[in-house]
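One structure is given here, and the rest of the page talks about it.
Order of writing sets the labels: A, B, C and D. Residues in every chain begin at 1.
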Amino acid sequence: MTTFGESHGPAIGCVVDGCPPGLALDEAEIQGWLDKRRPGQSRFTTQRREPDAVRIVSGVFEDDEGGQVTTGTPICLMIENVDQRSKDYGDIKDKFRPGHADFTYLEKYGIRDYRGGGRSSARETASRVAAGAVARKVVPGMTVRGALVQVGPHGIDRDNWDWAEVGNNPFFCPDAEAAQAWESYLDGVRKAGSSCGAIIEVVASGVPAGLGAPVYGKLDQDIASGLMSINAVKGVEIGAGFASAAWSGEENADEMRMTDGKPDFLSNHAGGVLGGISSGQDVVARFAVKPTSSILTPRKTVDRAGDDTEISTKGRHDPCVGIRAVPVGEAMMALVLADHYLRHRGQNG
Amino acid sequence: MTTFGESHGPAIGCVVDGCPPGLALDEAEIQGWLDKRRPGQSRFTTQRREPDAVRIVSGVFEDDEGGQVTTGTPICLMIENVDQRSKDYGDIKDKFRPGHADFTYLEKYGIRDYRGGGRSSARETASRVAAGAVARKVVPGMTVRGALVQVGPHGIDRDNWDWAEVGNNPFFCPDAEAAQAWESYLDGVRKAGSSCGAIIEVVASGVPAGLGAPVYGKLDQDIASGLMSINAVKGVEIGAGFASAAWSGEENADEMRMTDGKPDFLSNHAGGVLGGISSGQDVVARFAVKPTSSILTPRKTVDRAGDDTEISTKGRHDPCVGIRAVPVGEAMMALVLADHYLRHRGQNG
Amino acid sequence: MTTFGESHGPAIGCVVDGCPPGLALDEAEIQGWLDKRRPGQSRFTTQRREPDAVRIVSGVFEDDEGGQVTTGTPICLMIENVDQRSKDYGDIKDKFRPGHADFTYLEKYGIRDYRGGGRSSARETASRVAAGAVARKVVPGMTVRGALVQVGPHGIDRDNWDWAEVGNNPFFCPDAEAAQAWESYLDGVRKAGSSCGAIIEVVASGVPAGLGAPVYGKLDQDIASGLMSINAVKGVEIGAGFASAAWSGEENADEMRMTDGKPDFLSNHAGGVLGGISSGQDVVARFAVKPTSSILTPRKTVDRAGDDTEISTKGRHDPCVGIRAVPVGEAMMALVLADHYLRHRGQNG
Amino acid sequence: MTTFGESHGPAIGCVVDGCPPGLALDEAEIQGWLDKRRPGQSRFTTQRREPDAVRIVSGVFEDDEGGQVTTGTPICLMIENVDQRSKDYGDIKDKFRPGHADFTYLEKYGIRDYRGGGRSSARETASRVAAGAVARKVVPGMTVRGALVQVGPHGIDRDNWDWAEVGNNPFFCPDAEAAQAWESYLDGVRKAGSSCGAIIEVVASGVPAGLGAPVYGKLDQDIASGLMSINAVKGVEIGAGFASAAWSGEENADEMRMTDGKPDFLSNHAGGVLGGISSGQDVVARFAVKPTSSILTPRKTVDRAGDDTEISTKGRHDPCVGIRAVPVGEAMMALVLADHYLRHRGQNG
């Protein structure tokens, strides 16, 4: 997958190459996934109004039954940018916003598109969700779901986990009680012009055993790479993750027993990956999203001229970017698994 | 970098391609880094006796001054396996060890080299340390250091951090007090035939601003990929990492001020990476290593014939593989940074 | 570079990643190169009417002087398909056209977009010309020029070579006399509904010495790959090429002499590449284009139902696709050299 | 595949990654192919005495039947350099040999291993033959054969083509009459200390239809890349190649007819590749090898100090490197086809 486009350019999009032929694919289906990530759906996300309408530019054709399927050639998906509100970028143009890529871009390229963060904008992630919609179709029987498990310092109660709840609140939260608590917490954050971080969990079910590789191209390595490549992500863990550092080998072992004539595991601390290869269990990953850097409270910074100054970021920002990161995390998980599924089939038939 | 070799095959090694020419490189220097990872140096690591003597097979030549330097062509480094103790692999051969890759390998390939874990053995990481020794020379002025910051449930006191202490104890621990406490804790673990996990921190200083890319090929993405590719690693974080999820935007912001005529940061929660690009600050990453899966206490498992059974792993195993993971983590960090340094120079001159 | 799009889909285009920042780039300049390849410019090329108007979708921004320059982020270039004439594809839909990819596509994918050849259409090469326009700006001082040196069995007289003539005839022919002869020859071919092949020569001047690599990533290897990837190309040679097989070592040697204080070559049989690395001389490559497969004379073939039949291809086809292959060959040469220039700078500073 | 090693270093070798598991592979079989390329087998090749004994360092293991098979992990193959005759490199060290990479290496790297050409030595091709021996096993039912079809200006008579003859003469010549003529011709070349070029044809039979891709990753593109990457190769063509430029569309068309209930072609001017994808016919490629640059007759050159001088290359050189290029060409063809076979299986199942 290759993506292109800036926050305030004419359009963003991606090219998905190497997709198997013959998979049913139409714009409505991709749109369904994009709508989950779309801004402006509740008061807890940016009020930028983007329809995020996707257009399949290439790589599909009608099959013999008149349906539309992939042809095996590159699939280009495009999303026009619509709400590029004309505004004063004065402050952002010349001052380095703490936590943003302003300083590092300029150090690297000597030039940057300061409108809405340019290439570093989270708008780029819409392309990933679109590409992920294609990837979901590649592995037969696979389902990828995500949920928000922590907002600011407030985690869920895992005993309340109910996937059905995820669609019932604006946070993708699987714990109905926590969702209610988050609502008032986030209202406070939002009204204060502040922001908070979050932790997202992504679970892929129906992943066949055998995907990945023992060294380089490990499945967990590529999941870590894919999730860490999402804007604002600062940490990734698989299965028990950081918690396992404190455990003993006895506690951490996922014991096995024959069940219905097949080897099965009695726990899943490994998160579905052993030695870089999928075990057939659910693949479980979590990632941490830092608090949105754009906040109202003035912060110390410097400007391009080399003077000390302060900056306060107004504008239409998410108080917690972690919320909309849920469908993006799902998409990256789906892309990595689809890729490994095809590579495994190539090497091992 | 490409590596090859199994735990109990004749040799392991790697090929480093694309290295700049003219860098001084000899076997003694690489050996110095390998010796840090070498097994059998204290009672807290495996008692396998491997000299881990490295041989430069290609890619170096004498320069006009008679020194030995890289030529710019592929550098092959080899380490002969010496201590491949003949032993009874009966149990490992047919039973799936919990936490090991036995089951997933067989699912993927239908065959596996069961001697010492074969390709999935941590012995492969010696190749990485050797390659990392080359990578350290690529970025002028860069230093990469690592330290163990948690063993089992016991973390260090960061106020005691002293890099000089790292070489004074068998744990690469920067806190002399913690090191002492760990000694008795680990003796207990070792004598019980048990194991524990660990957390390692790697810090790269002297990294120029501008390395990385805004999307795909992000510096933090590649660091996450590199560290997660090390055996037994289950989590990676950059800068404040998972902790930042609980913070507010105000707390997380790394404010800036002009210092000695240059923009500088007042904190480093970002871990030296903003928007996927290095900021010139220290690049800071941590990774979690799960407890060694080979333990004496019997665990439930199944065998290849499909029968329920138990397994208890004897043999020469590290009670805490996280200790020897320190130089490996340093090597992976150095490799990723060297690669991005060359890519940045290619694109941006 | 990644391209996407089919002959009769809504649009074609490409994404150029890794381009250095700060290069002046606007649509008018890219358009200039595209206009050289554009169909319908003389009676010797297809009469399909495509404006081939290029649009820069991403990767550029105004610099401090108000000009438009590359930002270092992915550049997406798009060309809308306009003249997708509604027509009866009946014959092409079910019969395999000899010399076309109809049979092999169906064997590979089980589905194909039969409209105008779909993805295998030469229309895809417009994307390459657009990308090549970017690549031309990457290597300072480099010029890439191409010329048609043979049409059907009729070659040029190399003593008449005059680059200035290339723009004076519809064939990119550097020999004014040959151009005149080709005109009547090609009129005959065209009126007969037949077709002919061609040989194109591409010359890159101002290429610095040192680009390429001794093994894998050889400069000549990548030029061969790039040129052979153009539709209908069946052969590629560098410098003296196939002719050198008949020579002696004495004849083939490019002797050297100091000239103006610098080492210089007295001939260029090597075509500017020695051991996979550029020598600083002109890089010279030639490629052979087979005759257009779409001809009026009926040819024996089979259909999807498995019956013997005949096919005669009507429609708007180039009697000699080799003509419009000239700017495409230039573009591929420029892309390969730009890529190696950046890679060389990365490794060797 | 990655290779490493210099002509006069301790060893050369390669790492083959991504090979399917379960393929029978032992050293004796690889050795058989290497022996075809081995120097010193007749008076027409270099008299350097290298046993070229290959050692499998990794990636194989005994299977349940006790045979040795690939495990799916990286296969490292090594060949020790034995006959590194101590000699005076004085001339080669400081003078640039015309036709060699001496000048370009120094321009690129500022340093070069002048012993026997270092990394640019044709000795590197032994690694390719070894890797090719693995690749031959990947595509079921595929056979790759090569033959010398022209030596200096003397071509074969294609009517005499008999594959059985290829093993009956020291030239891999399929025409017994031509082989006899070449013997006296090459004796003359050899005694004069001169050299000549050659053309090699490689034919892969039993290649399934569908390998390759419509754009980028075209099968013919990758064959061209693979063959052009062999030392001293200056041209590559597929099927009718350069000759097709002179033909009409009617002559060039490979017509089709149903044969035994399956579509078949009546000719193979395409060389088995249509639109970048294999058609199921024999894949046919030819490549031109320039005359060996090392000749006895003095040639004008310059030295590192910048003075005009002359050079005459003594030593153990092949009068026609094209002869030993035959097994190398076969190996590269096998590697490209194996790679595409696995990629096709990955994408299309």
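Here, contacts are C-beta pairs under 8 Å (C-beta built on N, C-alpha and C of every residue); 3 or more make two chains touch, one makes a residue touch a chain.
As the structure is a computational prediction, the values presented were derived from the model and not from experiment.
Colleague: Out of B-C and A-C, which chain pair has the most contact pairs?
Modeller: A-C
Colleague: Measuring centre to centre with C-alpha atoms, which chain is farthest from subunit B?
Modeller: The most remote chain is C.
Colleague: In whole angstrom, what separates the CA-based centres of subunit B and subunit C?
Modeller: Distance between chain centres: 46 Å.
Colleague: Between subunit C and subunit D, tell me the centre distance in angstrom, where each centre is the average of that chain's C-alpha atoms.
Modeller: About 27 Å separates the centre of subunit C from that of subunit D.
Colleague: Provide the C-alpha centroid distance between subunit A and subunit C, rounded to the nearest whole angstrom.
Modeller: 39
Colleague: Multi-chain contacts only, two chains or more: what residues does subunit A have there?
Modeller: Those would be 2-3, 21, 72-74, 108-110, 118-119, 214-215, 344, 348.
Colleague: Hey, which residues of subunit D end up touching subunit C in the complex?
Modeller: Residue list for subunit D touching subunit C: 2-3, 96, 98-101, 103-105, 107-110, 118-120, 124, 150, 152-153, 189, 194-199, 209-212, 214-216, 218, 220-229, 231, 233-242, 244-258, 261, 263, 266, 269-271, 273-280, 288-295, 297, 299-302, 306-308, 322, 344, 348.
Colleague: So in the complex, the part of subunit C that touches subunit A is made up of which residues?
Modeller: It is residues 2-6, 9-13, 15, 17, 21-22, 55, 57-59, 61, 63, 69, 71-76, 108-113, 118-119 of subunit C that touch subunit A.
Colleague: Can you list the subunit A residues touching subunit D in their complex?
Modeller: Residues 18-21, 72-74, 214-215, 342-349.
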